[in-house]
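Structure first, commentary second.
Chain nomenclature is as follows: A, B and C, assigned in order of appearance, with residue numbering initiated at 1 for each chain independently.
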Amino acid sequence: MKQLVSAPALFVGAGICLIAGLLLAFLYAPVDASSMGFSQKIFFYHVPIAETALVAFGIAFVAAIGYLRTQNPKWDRLGLVCVRLGLLFSLLVMVTGMIWGKAAWGVWWAWEPRLTTFLLVCFLYIAYLVLRSAVEEEQRRATYAAVFAIIAFIDVPITFFATRFLPEGLHPVVITAGGTGMESSMLISFLVSMLGMTLLLVALIRRDLAVEELQDRVADLKHTIGG
Amino acid sequence: MGLRQFMAILRKDLIRELRTREMLISMILFVLLAMVIFHYAFTVKEGAELTYFTGGMLWVTFIFAMLLGLNRSFAQEKDERCLDGLLLCPVDRVIIFLAKTAGNLIFLLIIQVVAVPVFTLFFVERSYVGDLLPFLVVLLLADVGICALGTLLATISMNTRSRDLLLPIIFLPLIVPVLIAATGATTLIFAEGAGFGGLLARVLFLLGFDAVFIVAAYGTYDFAIGE
Amino acid sequence: MPLEIEVEGLRKTFGRREVLKGLSFSLERGGFLSIFGPNGAGKTTTLRVLATLLSAGAGTVRVAGHDVRDDPMPVRRTIGFISHNPMLYLDLTAQENLRFYADMYGVDAREARITELLERLELSHRRHDVVRTYSKGMRQRLAIARAILHRPRVLLLDEPHSGLDPRAVDILDGLLTEIRDEHTFVMVTHNIAKGLEWGTRLMIVENGRIAYEHAAGVDPESFGAVYREHVQEGAVL
C-alpha cells in the first residue's frame, strides 16, 4: 500500500485534508451550543492529534512484537520513528489541550483524565528514548526498546482508565467535553481533520523511516571504511 | 522440576539477603526516615491535617524503597557474573522471573511489617482494625504489581550503562496506575473507613493490573534477560 | 564416533563489529579440542555460543545432537562450563552453592553427589564456610564441582588453568584424567603445554576465523612456530 502512494503525494493529501478540515471547522460546522462556544473549535484538531498519537504508539507496539519475533532491524527503526512522532503529537495534544482549557474554563492546567494521561504518556515514551540511549549495543538496544514499547502501550489504556474511573480526591471533578452526539456537519469536519492527521502521520513515518535507514547505511559504510 | 528450580532460586535469594541483610536494613531505614521527612515537609501550617495525605505518603515511600531494593538485588547477580551461571542452567526464563519477583515481594512485605505500624503511629488517627482485611488485600495486590513490573524492568536496566539511574525513569511512569488505586484505597481506609464495597473498584483494578502485567512479563522476560 | 559438536558457518556480530566470520568445525564424542589464539580472536565468544549464553548471528551450531538456537534446554543439561569467573555466590556456603545448582539441574541423590565432589576436590573441611572466605584456588575448585555436578557429557573450559595454584592444577588435571573417557571437551587456553597434552584436535582462531586446524600428534616445535606466527602475545610453555 505504501508503495502505491508516494511520499510527496501523501504530504499534499494531508495538507489538503487538514486545510479543508480547518475551513470546514470554522465555516461549515455550527458554533457549539454548549458553554464552550467558539473555543470548542479546537476540538477538531485536538482530538485527531490525540488519536493519531495513539495510533503511532500502536504501530510502535506492533513493530516491537515484529522485532522480537524476527530480529530484523527494520522493525526497530519503525518503532523508533513511531515513538518519536507519537511523542511529538502527544506534546501537541497537551498544548492544544491547555489552550482549550484556558479558553473554555479559564485555567491553563487541570488534573483531569485526558491531560494527565497524555502527560504520563509523554513521560513514558521519553523514558523509551532514554532507555535507548543507555544501551550501546544495537541488538540489545532494539530488544530492550521493544520490550519497553510493549509494556508501555499496554499501560496507556490502563492509565487512562485509572485516571478516569478511580476518583483521585474522594470527590472527583470530572470535566466533560461537549455532547457525545455530533451534528452531521460537525462530524464531517471532524472526520476530514481526522483523515488529514492520519495521512500526515503516515507521510511523516515514511519520511523519517527513510532518513533513519539512510543514517544506518551511512554508519555501516563509515564503519567498513574505518576498520 | 520447575517448582524445584523456583524454590531453589527463591531460597538462594532469601538466604543471601537474610545473611547479609544489606538490602533489608537500608530499605527499612529509608522508609522510616522518609516518614520523618514527610512530617517536616508537610506540617508547615499550624495544625495541618494530614489525614488525606496518608495513603499517598505510604505508597510513595514503598515505591521509592523498592527502587533501591531492586537495583541492589540485580547488582549482585551482575557483579559476581552469577547471572551466567543461572542462564547456563536448563531453566525456563519465566521461572527465574517468578522466583525473583517472589523474592522481592517477600522483602517488600518484611519492610511493610515494620513500616506500617510505625506509620500508623505517626500519621493515622483512626483505628482501622475493622478494615484490616481489606487493607491487607490492597497491600498485597499493589505489592505484586510493584514487584512484578519492577523485576522485569530491573532486569533490563541492570544491563544498561546508567543502571541505577535508569530504573526510576522507566519504572515510575508505568506504576502510576497502581499508585492511583492503592493510595485511593489506603487513604479511604485510613481517613474514613470503608468496607469492601467502597474499595471494590480499586481492588478489582489492582487485580486486573497484576494479571495483565504478569502475562506481559511472561511473554517478554526471555528477551529481557537473555543476550 | 558420533559428532558431539557441529559448527557450520558460525557468524556473530556485536553492534557493527563482526567477531566471528564464519567458523566451521566439528568434534566427535570423546574428543578434546584445544583452541588457541590471540586475545579478541573470538575464542571465548565461540565457547559462549556453544554454551547457549550467546545467540549465534548466523550459521548452525549443534551440541550433543541439539541445535543451540532451537533447542537450548537439552544442550544446557549436557554441558558444563568452567571459566575464570567461578560463578559462585560469595555469600553462600559451598554446600549452599552446590545445593542450588543441584536443584537447578535436577540432580538426583543431591547430598551424596555433593559430598562426593567436595571430597574429590578436597573442600569437605570448608563446606560450611561462605565462599567469600575462600582463596582463588579454592573458588576454582568449587567451580569445577559446580560444573560437573550434573554429570555433563560435554565440558567447555575457558582458560581453566589460569590463576590456579599448583595444587589446584594437579586436582584439576587429576579430575580431567578421571572423566576423560566418555566425555567431550572444548578448551580455550593460552597454555600450549596443557593444550597439546590433552588435545586430540588443535585449532588456532585468529580474527574470527580458523587460522590453523590439525589432529593431535604434531611435533611441538613446529606447532610452536605456527603458534608464534598467529598469536602475537607471549606463549606460555
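Methods note: contacts are C-beta pairs under 8 Å (C-beta built on N, C-alpha and C of every residue); 3 or more make two chains touch, one makes a residue touch a chain.
Predicted, not measured: the structure shown is a model, and the values here were computed from it.
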Find out how few touching-chain steps suffice to connect chain B with chain C. 1
Core chain by centroid distance, with centroids computed from Cα atoms only: B
Roughly how many whole angstrom separate the Cα centroids of chain B and chain C? 40
Centroid of chain A to centroid of chain C, CA atoms only: how many Å? 51
With chain centres defined as C-alpha means, what is the inter-centre distance between chain A and chain B in Å? 31
Multi-chain contact residues (two or more partners), chain A: 136
Can you list every residue of chain C that touches 2 or more other chains, as numbers and ranges? none
Would you give the residues of chain B that are in contact with at least 2 other chains, written as numbers and ranges? 227
Residue ranges of chain C in contact with chain B within the complex: 51-55, 73-74, 76-77, 79, 81, 83, 85, 87-92, 96, 99-101, 103-106, 130, 146
Under the touch definition given earlier, write down the residues of chain A that touch chain C in their complex. 136-139, 219-220, 223
Which chain B residues qualify as touching chain C in the complex? 1, 4-5, 7-9, 11-12, 15-16, 19-20, 80-82, 84-91, 226-227
With touch defined as at the start, can you tell me which chain B residues reach chain A in the complex? 52, 149, 152-153, 156-157, 159-162, 166, 169-170, 172-174, 176-177, 180-181, 184, 187-188, 191-192, 201-202, 205, 208-209, 212-213, 216, 219-220, 223-224, 227
Please name which positions on chain A make contact with chain B in the complex. 68, 120, 123-124, 127, 130-131, 134-136, 140, 143-144, 146-148, 150-152, 154-155, 158-159, 161-163, 165-170
